[in-house]
Amino acid sequence: MDKPRVAIFDFACCEGCQLQIVNLEEELLDVLSLVQPVEWREAISDQSDTYDIAIVEGSITRPGDEEKLRQIRSRAKVLVALGACATMGGVNKLKNNFTMEDVRREVYGKDGSMPHLDTAPTKALDEVVKVDLKIHGCPINNKEFAYILRCLALGKTPAIPNYPVCVECKMRGNVCRYEYNEICLGPVTRAGCDAKCPSAGFWCFGCRGYVDDPNVQAAREVMEHYGKTMEDLKGRLLLFNSKQEATENVK
Amino acid sequence: MSKTIDIHVHHITRVEGHGNIVLRASDGRIEKLEWQVPEAPRFFEAMVRGRSFEDIQTIVSRICGICSVTHSFSCIKAIEDAMGIVVSEQTDKIRMLLHYSEQLESHSLHVGYLVAPDLLGQKSVVPLVKSHPDVVKTVIKLHRTGNQWMEAIGGRMTHPVTIKPGGFASLPTEQYLRELKKTLEGIVPDLKALAEVVLSLAPKLPAFDRDTEYVALVDPTHYSFYHGGIGSTDTKDLTPVRKFESVVNEYVTAQSTAKWCKWHRDAFAVGSLARFNLNADLLLPLAAATAKKLGLKKGCCNPYMNNVAQVVESVQVVEHSLQIIDELLTKGIQPEVPKVQPREGEGAGAVEAPRGILFHRYAFDKKGHCIRANCCIPTNQNHANIQKDFEALVPQIIGRPQEEIRLLLEMLVRAYDPCISCSTHYLDVKFV
Amino acid sequence: MSIKKIGPAALERWVDGLIGRQTVIGVQAKGDKFAFAPLAKTSALRLDYDVAVTAPKAFLQPPCETLLRFNPKGYESVVDEQPFVLFGVHPYDAAAILQMDVVFAEGQADIHYLKRRAQATLVVSDVQQPSANVFAGCMNTAVLEQGGDVMLTRIGDAYLVESRSDKGAALVKSLAGEPDAAPADLQLRKKTWDDNRKRLRRHELKVKPGDLPALLARSYDHPVWEEKSKRCFSCGSCNLVCPTCYCFNVRDDVRWDLQSGERVRTWDGCMLAEFALVAGGHNFRKKKPERYRHRYLRKGQYLFEQHRQIACVGCGRCIGACVTKIANPVEIYNRLAEGPR
Amino acid sequence: MSQILTAEKDIYLPEPADVVRAEPMTKMEMFFEFKLSSGRPLGHMPGQFAEVAIPGIGEAPISISSSPTYRSGFQMVVRNVGNVSAAMHRLAPGKKVGIRGPFGTQFPVDGAMKGQDLLFVCGGIGLVPVRSAIDYVLHHRKDYGRVTILFGTKSPAERLFVEEAKQWAAQPDTTFLETVDRGDEHWKGSVGVITTLMPKVKVDPARTVAVICGPPIMYKFVILELDKMGIGKDRIFVSLERHMKCGVGKCGHCQINGLYVCQDGPVFRYTDVAEVREAI
C-alpha cells in the first residue's frame, strides 16, 4: 500500500504544535515510515497540491484565510486540526472580546486602517469547514500525536480521553491546586496531556478545551468555597474557551 | 543578451511564520526588491487587556512556539517591574538556567534542522539522515537535551508553566540538578563535533559584509541573555530597558504586517551576532576558544555568520549553566512559594530570545488587571535590516543564475532565524 | 514473636540497612503534604505524616501497568517480581490492601497483582497525626490488630516493632539484639490504639458500619443522589484516590512497526461518564445521579454482599479530593440514616 | 483472615486460535469459525462468551454462536461497530486471533430447559448467542418439548442465519417466525416489532421456558407480553450485554448494581434480575 501523502499547513498561531512534531526527534523517521510528507513549510522545502491528509495548525483570523482553508479541505480526504488554535480558536479568540476596529487601533494606532492589517473575529477550523479529527492541546502532546498517527495507520479509532484532567492528575499523585486556593480548570478540561501543568505546580488553564459535557455550573458554584469570584473563574475560562457556548452560560 | 530575473518566494520555507521575497530585475537593473511579511497579525497587545497579571504569561507565551520561554521571561520581568517585586537570587539563577535550555534548543534546531540542509545541498533535514547520519545524530542529541532540560524546569517543552511572578510554581530538585550537570557535561563533545561540522562548511557561507548597527543586552558581569541594559555598537552608553521604545522606534510599512525598527541608523540587527559583537569579551573559556577556532571575531558584520555565532553561544550557555548548577548545589535548593499582591503600576522587561532582544511592557490597574501592553519582538527589529542587506547584496550577485540568487536570498533570511509568527506590535505607546 | 523497642538511632540503622538491600517505598514530604516514594535515606522518612496524597495501592496496582507484550509471534505475560518494602502504611490503608488481596485472588486469580503483592513486605505504622478528614475510627480501621508483616507504634521517642509474619521476621532480624518491649510499653501501645480509635473521627458516622448495606439497599431512590450530583464534575477523583477502588481499563499500544506492543491496564473509575458506555452509543449509567449513586452503593452494599467487607476504610481522601465537596461518604450515610428526605 | 493466593495461570493471556472461516453475513455482520491452535476444544456451553483479541487493537467479548455439539471448532458472528470488531472484519482464513474463555453463565439447556417447551425471542444480533442453544436443543431433540423461535430485525437485509432457520423450521414440533420493523419491495413476511409476533404463538405457560436476547430496549416489552401469556418470571431467561474489559469479574465495568454480567451472567434467570434496578 502506498504511504498516505501528508501536507502540513498553518494559519494564525505560534507554530508550537509543529515544533512538537519536530520534537519527536528520531521518531520523526518512524513517522516517515508511515506517511509521506509533501508539504511542510516549517521543516522542508517541497510544496505540493496533491495530498491525502491535510494537517492544519492555527486559527482563521482573516477573511482571505477562509478561502485558503476551503481549498485545502477540497483537496484533502482527511482534514486534521492540529492544536488548540485549530480545534477551538485558541488564545486568538481572546480578540473576539473586542471589536475589530478596537484591536487594530490598539496595536497599530493610526495605521490600523491599512488594508493589509485587516482582521476578522477568530474562528476555529470547524467554524469554516468540516474537520475529521482534532488533536487537542496548546501545544499538542507529541506522544499523543504519535499515538494517533499509529492508530490511523492501523485502521483504529484513537482513544481521545473524554474525561477531565483530574483523572491524570490523580494518577500522577499530585496535590490538587484547589488545596492552595488556586482556580484550576482540570475538572472541566479534557485529559490527554498527562496533567502536565498541575504536575508542575501550576493550574490547568484548559488548553485542551472542555470535555464533552463540562459541568461549568458546578465550577461556578465552588468559587465562593475557595474565596474566589465569578469574574476570577470567567477570566480563566476565557483564555482557551472564549466565546464558547458553555462559557457564555456562566452568568 | 537581456536577462530578466523574477523571484517570488511565496512563504519562504524552514522559517517560523510566513515571509515573502520579491525580486524583479531586468538587464541587471533592480525594479523591485522586497522582504515582505504577510503573517496574519494576532493582536496580542489588544487581547491581554482586562486579563489578570496571573494569566498574562499564559497568553503571551503563545506569541511564539519557538521562544515561548523568552516571551514568558520578558513578560514576568515586566510584571515584576510594574509591581515592585524583587526575586531571590535562587530564582534568578534557576531562571537563567531555564532560559539557557531554550537557547540550546533553538540554536540547535536552527543550525541543525533549518540551515544545515542549505549548506549540505539538501531540501530538508530528512535526506541528511542518510547522507550525513553523524551530523543528524549530534543535532538530535543537542536538540533533545535542550527540550528535556526545558521540560524538567519549565514543566513543559513549549509554553512553560512554572514561571510565575515572584518565582516558580515548582522548583527543580537537587537530584535533578546533579543529573542535568552530568547531561550537560556529556554533550560538550557533541558541541565540539557540531563546531567541527560548521568549521568544515564555513567556506560555503557567502562572504558578504555590510557595516551594521548591532543591538543587544549588555551586563558587565557576564555574557548576558537575561540581565542588563540595552547596548549598541554605535554608542557606549547603555539604555535602560524601561526606555526601550526610544531604541526600537517602530513604524508601519505597507510591505509588512509586522512593524519595522530603527535606532541610530536606518536599521539595526539583533540576535546571536549582535550579542557576540557586544559581549564577546565576556565569553567563558570554551566558548571563546570555539569562536577563535571558527574564526568569528568581534566586529564581524557578515549576517551569514549569525549561524556561527549561534554555535559559539550554544557552547557558552552550556558552560555557564554548569557554573550556575554548581552555585545552586553549593547552597542547596531552598523551598520558596511566590506570593504576590497585585498593585497598580507599569513596567518593562527584556531578555534575549535566541534570535535577539525581546521587549515587553504592561500597565496594570489596582486589581492587577492589564490595561495596556506592548511587545516588541526581535524578528521585527531585524526586518528593516534584512531589507537593507538585500539592497546591498543583490547588486553584488545580480549576474548569477536566478536559482543561485534565490538560494542566497533565502539563506540570508534564514540566517536571521526569523520567527515571524510573533506578529505583535504597538505604535505610539503612551502610558498614563 | 517478641515485640522489640527501638530508639531513633536503632530505627535509622535498621531502615538504612533495609535501603541497602532492597527498594524501600517510604512516606516522605511532598511540599507541605506527604507521599509514598522510593526512599533514599532514612532521614527523609516521615512516620509522623497525616495521610499520603496517593494511597499505597499505587505500588500494588500501578496507575498504568503492562499486562502483556505482543509481537507477530503472539502474546506473553509481563509480571513484576522485584521485592520491595512498603514502609509506614497506616492501618486504614493496610486494611484496604487486605481487601484488595481478596478481590484479586478470588475466583480467577490475577497474577499481575498477586505476584507483585507477594514481593511486598508491609510495614504498618500507627497514625501519629490524624489528617483533616480521616474517619477510620468510625469504620473500625483506625488500628490494625492483625495483618501486615511488621507493625510499628510510636511510644514517646521510641518505636515498638512487632513482626507479624515470616516476611516480617526476616525484615526485623537485624533487631534481634534490641530490647524486648516491657509490659508497660505494651500498655502504652494499647492506649495509643484506644486513643486512635477515638481520635481518627474527624467526621462522625451516625450509623454502625454493619448497618450500612441495609441502609443503602433501601436508599436507591433517595433524593440525595440527584441533589448532590448536580455539582459533580464526573472527574473520578473520588474513585482514584480511594484505597479500595480497583476498577480498571485495558488498552493496546503499538510500536511504530504496528505489530508489536503492549496491552496495558490503567486506573478507571465508575464516576467517569463513559464507564458504562458500549459500542453503538448506549450508556447504561448515562446520568450523573446514576453514577454517583453507584459509587456509594458499590462500596457499601454490592461489595459487602460479595466479600462481607465495606469497601470504605475511612481514610477521608475522597472528601478532600472532591473539588465541589460532594464526595463525603459520612455526610451521605448520615443523611440517608435520617430517612427518605 | 485473608491470605494471598498465587496462581500460575495468567487470566489475561489470550490463547492463539486460527481463523477457519470468515464470511460476510450482512452488511454489518460477519460469520467466523475459529479453532484453538492447540487443537483442544473450547469447552463452552450455549450462552457463554469469549474475549477475542487482536494484537494492537484490543479485546472484545463475543458470544459463542455454535453449539458445543459442533465439534470441529467454534463459531461467532460479529457486528462491525468499533475497533476490534472492524479489525475482525478484516480477518481471513489462515489468520490468528487470541481467545480467552469461555466465560459466563449458560442457557440452562441441561437444567430448567430440559423436558420443557421452549420459546426463544431474539432481536437482531441477539439471535447469535441463542443459536448455540437452538442448535444444542435440536441436536438433542427428544429431550425437549415444542420449540418456538421468534426473530425480529430492523429490515430484511439484516436477517441472520436465513438458510439455517429454514432447517430449524423443518424439524418436528418446531416453529420459526420472523418479522422486520420495516419491509422492502421483496419482503412478503410479517412487518412490525417483535412483540407483534407473540400473540400468534400458542404456548402452555406451565411447561414453557422462554429465552430472550436482543437490544436493551426490547426486554421490557417482550417480558410484558410473556407475562400476558402467563409465563412465570422464574421461567424466563435473559442474556444481557454490558461494557466489559476483563471478563473475570475484576474490572468493574459490567456491573449491574451488585451483579457482574461476566460472572453472574450474561444469562440470568429473570427472577434474579427483575428487582435489580439497572438490569432491564
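Per-chain residue numbering starts at 1, and chain names A, B, C and D are given in the order in which the chains are listed.
Just so it is clear, a residue touches a chain if its C-beta (ideal position, glycine included) is under 8 Å from a C-beta of that chain, and two chains touch if they have at least 3 such contacts.
Nothing here was measured: the structure is a model prediction, and the numbers come from that model.
Note on connectivity: the fewest steps through touching chains from chain B to chain D is 2. Taking the mean of each chain's C-alpha atoms, the chain whose centre lies closest to the overall C-alpha mean is A.
Among the chain pairings, A-B comes first (most C-beta pairs in contact). The centroid of the Cα atoms in chain A and the matching centroid in chain D are 44 Å apart. Averaged C-alpha coordinates put the centre of chain C at 39 Å from the centre of chain D. For the pair chain B and chain C, the distance between mean C-alpha positions equals 50 Å. As a whole-number value, the distance joining the C-alpha centres of chain A and chain B reads 25 Å.
Each of the following residues of chain D touches two or more other chains: 56-57, 82. Looking at chain B, one finds that none of its residues touch two or more other chains. Multi-chain contact residues of chain A (touching two or more other chains): 154. Only residues 56-57, 82-83, 86-87, 90 of chain D touch chain A when the two sit together in their complex. Taken together, the chain C residues at the contact with chain D in this complex read 67-68, 70-71, 74-77, 79, 98-99, 101-105, 107-112, 114-115, 117-118, 146-147, 220, 246-252, 254, 258-259, 261, 263, 268, 270, 275-280, 282, 284-285, 290, 294, 297-298, 301-302, 305-306. On chain A, the positions that touch chain C within their shared complex are 27, 30, 33-34, 147, 150, 153-154, 159, 162-164, 166-167, 169-176, 178-179, 184, 186-188, 211-213, 215, 217-219, 221-222, 225.
Chain contact summary for the complex, chain A toward chain B: residues 11-20, 22-23, 25-26, 28-29, 32, 41-47, 58, 61-62, 65, 90-92, 94-95, 97-98, 102-104, 106-111, 114, 116-117, 119, 138-139, 142, 196-197, 199-202, 205, 232, 235-236, 238-239. Against chain A, in their complex, chain C makes its touches with residues 30-31, 33, 35, 53-54, 58, 63-64, 230-237, 240-241, 251, 253-256, 258, 266-267, 269, 272-274, 320-321, 323-325.
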